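First chain A sits with chain B, and in the next complex the same chain sits with chain C.
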Partner chain A sequence: MAVTREVVDHIAELAKLGLSDEERDRVTWELNNILAYIDEIMAVDTHGVEPLHHVLDMTNVFRDDVPGPCLPREEALKNAPDRTEEYFRVPRVIK
Partner chain B sequence: MTLKIPPHQHLKNHPEELPSAVETCLQAIEQAKPLNAFVHLLADRARHKAVEVAQATGQGEELPLRGMILAVKDNIAIEGTSLSCASRILKDFKSLFTATAVARLEKAGAIIIGKTNLDEFAMGSSCENTIFGPTHHPLDWERVPGGSSGGSAVAVAAGLVHAALGSDTGGSVRQPAAFCGVVGLKPTYGRVSRYGLVAFGSSLDQIAPFATNCQDAFAVLCIMGGKDEHDSTSAAYPMSYPTEGLKPLGEKLRIGLPKEYLEEGLQAEIAEVVLQVARGLEKAGHDLVEISLPYSKLAVGVYYILATAEASSNLARYDGARYGFREHSAESLQDIYTHSRAGGFGREVRRRIMLGTYVLSAGYYDAYYKKAQRVRRLVLGDFLDAFGKVDVILAPTTPTTAFKIGEKIDDPLAMYLSDVYTTPANLAGIPAVSVPAGKDTKRLPIGVQIMGPHFSDELILQVGCDIERLHGRI
Partner chain C sequence: MGEYEAVIGLEVHAQLMTETKAFCTCPNRYGAPPNTLVCPVCLGMPGILPVLNRAMLEQAMKLALAVGATVHPRSKFDRKNYFYPDLPKGYQISQYDEPFSTGGSIELKVDGHRKSIRIRRIHLEEDAGKSMHQADGSTIVDMNRCGVPLVEIVSEPDMSTPAEARAYLNEIRRLVRWLDVCDGNMEEGSLRCDANVSVHRKGSEAFGIATEVKNMNSIRGVERALAYEIERQIGVVEGGGTITRQTLLWDETEEIARPMRRKESSDDYRYFPEPDLVEVVVPSEWAERISRDLVELPRARCMRFCQEYGLAEATAEVLAGERGVADYFEALAKESGDPRRAANWVQGDVLRILKERNCDIASFPVSVSDLAGLMNEVETARLSLSGAKKVLDRMIETGRSPESIIEQEGFAQTSDAREIEEVAREILAKFPSEVIKYKSGKKNLFGFFVGETMKATKGQANPKVASEILQRLLS
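This part shows the complex of A and B:
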């Protein structure tokens, strides 16, 4: 399952990472290297073995749907890279 | 290892000395600045807290950790202070709330002195992948302290604090603990709330303590652990800190030695120390049993599929829109995403996001991600079988002692393999502690690892205490 440069371009788009051409080439090489190591896992017989999602014996953890205090708007906007009085600001999306 | 501040037991009985101990601590940190262990000091906050704790004791309040000064890895939230994760993307971020673990420690009288260096978003094994520059090994400045929680390990090893918090996703506390010659405990998954720990691999992450001895690690664990309504994966397992602390082992144990952990790839001096410890424990009356954990050799591969998959999802929130670094030259929202993320994340983080996105992408999900989850169950199954025959498992923590700065930074796979003995415990969710037990010919510390069944954190620390007694502290 060799990773091609085209696959890397696709993955970078999915991950929203604007990588340079040089880094895409390097990552292609690195991913193939890492996946070659990981390939020994593919050879393991896992017939009848259920995927393990969570190590402890717990399934859904429910709580009562009771409203609690939430972050005040001014707090939530404190770390914003750009904002208006009340909102996060980003470039216009619908032109 | 010389403690540069008064012992916490002394400060517990002399709380009036706490404010001056905080000043001593800040001076010691200043003198040790070239180590680059701390990235942000909480000086005024600590001073204020010291006065508060000193006065509160006058009113007879119960403060089990009174006198303990701690450092906290800069991926654990403390309200109003830095939470950089050693990343450009969070460089100027200020946390809006405090992690449950930290809040509980402070409520018990502990004082947090500052935030420590790490590999960006806890991704790394050397504390080199950081916007703050590498942290140095306290015994040999040309070497790494291990990672990702390298700053916290060094803060304890250099005697600057009594204990410290790190996070352990694949060995990020035990590996630097072994490299630096301190105790590092990865608790059972779910034992400590992850609320306020910046998410990396959510099914693996645990906040984890460093200390100079198992007794102190136990105190920190007991106080910060337990169910938390803010983390639904925290376990409803009863947790209390007994006033007498960690009791000595009262029973004879069956101690497993996994043969796969002592084979090729392990530095000979480390193998020798593990066997020395095993013989010492046998002399003390315990039984040694050879066991087999055949799937552990696949753990690093399974780990790097699952941890990167979870990371690629967890790190999707850093989009330059609501907080964190934004590439302001970007003209569209799409460009803000792609340019802020490319410019905000460092090379190793970008690499792991790429790998994680790949193993989760259409066509590869079943082949890699699902497959790795199945093999994860086999890794856990090995341990469950073993714990039918033995009470605890003794193993090396790391394949080598501390390596040189720069030695592995351009070879990701070699770096990943420094976690070969630590990732199995994360995959299985079991507790594991690294305890210093010797030195190699270069006088670099060697750690041994004790692993136990789920929720046997106390038991493995008791074994750790025995090892400390057998070998004397470094």
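This part shows the complex of A and C:
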């Protein structure tokens, strides 16, 4: 499948990314290259091979239900572009 | 609904009652000061790695096994990608094509008929933070809820009326509380419900186009929102229009559902396997152990109450409405040795007091043995039934023992015939003209004499003994 400019716009919209014309062209070219590589992998015959869910040969990695320390609020809010005393503040999302 | 039929399916999200969040060790607690139960994992900082909480899986397994679902030997997690400020990672960890459990059902009784609602799947996921829209147009976000463990319970579209949806939700709520996996509090959002609903003409093979209704924060709200939306859809179809697939938000105060404004493209979640979590494998022994350890479920308990204690089904159902109440009743039945009277006390006074004081059975201040003691006082006629009820109310008000209330506040009933006869004679002497009327045939004055005697003894006379004495004195 070829990635069109429309597909790139759609993905950018979903990720709330604003791309310049130049970036859109570059990303379109890059994504097509990546998919071309995937096509090469797809050419391998996987008949009779179980699907792989995870590259690690592990299952059931759990932790016990025991509370640990949290970040102090000041630390948690430190990198926020905008905040109030107690909350993260973000631009209005629902119109 | 007339010549139309509705088709309703519900998606219920239940917050599990673990100590910690799904994938990090932050406490899972409601009502803490904003943004104090957060860590790099639930805030989605770069480089973090989630680790699954075993208790989350076990609580979800309890629920799945309790509804007769299949817990799959293998399942995995997926990322559901969407952009919203209450989801700092940009994706929600959920389960997509391999949920940990499928199948099962919930049995309902609505308006006298029984119905089984099939469950399509129950899967694990994490909750998002909470955003609040401010008057100045900005939005503030509290991440305490972010990463709290959820189960999503998806029903098949097997319900056809708002009343069935209500009954289904009541049943789910009772079950999660019974199993101690969720507190079922819809106001605080620990139990949430979205509904899919469509209408079609009766007898038509094809279903109508469904809409999704969200934002209902009570079971009554779900029932009302569905009634509203079914009515609206029928109106559209009747008017020759077509239903469009859309999401509506229920407005509890205005009692209308408004279309949610959102771009179609935002429903593109681009699920893919979560590479940060490995597969979950549930060996059959594990599921069997959880299944074996399950408490007796509400329906089984209700049936047993009928058989073992000879209770009417309606009574047994009330008593099995909540596990704590059922436990209290059963302990009282054993302690008092009189299951039917115990059922009357619990169904009547205990539940009334809980409702009046808006508290749950766990904080009911009267112990089983004190209430059994009170029942015994009625049995031995030291207290009248109404006197015992008054003593119970005083015990609740004062926190004192039944003994001290009975003695100090004079609730004890007297069956002492001499004492009662003395009072009865005084009453007859006080109302000579009534006595004449009675003797000349106005027999309904008898109740008046009993009443006056009771009043004069401050309700302490055994009414049966008082009646006998008055009969004798008046004959």
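Here is the rule we go by: the second predicted complex is superposed on the first by the 82 of 95 C-alpha atoms of A that agree within 3 Å, B and C clash if a C-alpha of one lies under 4 Å from a C-alpha of the other, contacts with A are read in each partner's own complex, and residues count from 1 in each chain.
Keep this in mind: a contact is a pair of C-beta atoms (placed from the backbone, for glycine too) under 8 Å apart; a residue touches a chain by one contact, two chains touch by 3 or more.
Keep in mind it's a predicted model, so treat the numbers as computed, not measured.
Colleague: If you count the residues of chain A that each partner touches, which comes out higher, chain B or chain C?
Modeller: Between chain B and chain C, the winner on chain A residue contacts is B.
Colleague: Using the superposition on chain A described above, determine whether A:40 touches chain B (first), chain C (second), both, or neither.
Modeller: In the superposition, A:40 contacts chain B only.
Colleague: Quick check on the superposed pair: does A:88 touch chain B, chain C, both, or neither? Answer first, second, both or neither.
Modeller: A:88 sits against chain B and chain C alike.
Colleague: Mind working out whether A:70 is in touch with chain B, chain C, both or neither, as first, second, both or neither?
Modeller: second
Colleague: Where does A:31 make contact in the superposed view: on chain B (first), on chain C (second), on both, or on neither?
Modeller: The first partner, chain B, only.
Colleague: With the two structures laid over each other on chain A, which partner does A:16 touch: chain B (first), chain C (second), both, or neither?
Modeller: both
Colleague: Looking at the overlay, does A:59 come into contact with chain B only (first), chain C only (second), both, or neither?
Modeller: second
Colleague: Classify the contacts of A:3 with the two partner chains as first (chain B alone), second (chain C alone), both, or neither.
Modeller: First partner only.
Colleague: Show which residues of chain A both chain B and chain C reach, each in its own complex.
Modeller: 10, 14-16, 53-56, 58, 61, 63, 71, 76, 88, 90-91, 93
Colleague: Quick one: in the complex, what on chain A touches chain C?
Modeller: By the definition above, chain A touches chain C via 10, 13-16, 53-56, 58-71, 73, 76-77, 84, 86-95.
Colleague: Sort out for me which residues of chain B touch chain A in the complex.
Modeller: Counting only chain B, the residues touching chain A are 92-94, 96, 189-190, 203, 229, 232-233, 235, 295, 298, 300-302, 304-305, 312, 316, 319-326, 328, 330-339, 341-343, 345, 347, 350-351, 353-355, 357-358, 361, 364, 367-368, 370-378, 380, 412-413, 416, 427-429, 454.
Colleague: Contact residues on chain C for chain A in the complex?
Modeller: Residue positions touching the partner: 18-20, 24-27, 33-40, 43, 51-57, 74, 76, 81-85, 90, 131-133, 137-143, 261, 263, 265-266, 268, 270, 273, 275, 277-281.
Colleague: So in the complex, the part of chain A that touches chain B is made up of which residues?
Modeller: Per the touch definition, chain A meets chain B at residues 1, 3, 7-8, 10-12, 14-20, 23, 27, 30-31, 33-34, 37-38, 40-42, 44, 46, 49-56, 58, 61, 63, 71, 75-76, 78-82, 88, 90-91, 93.
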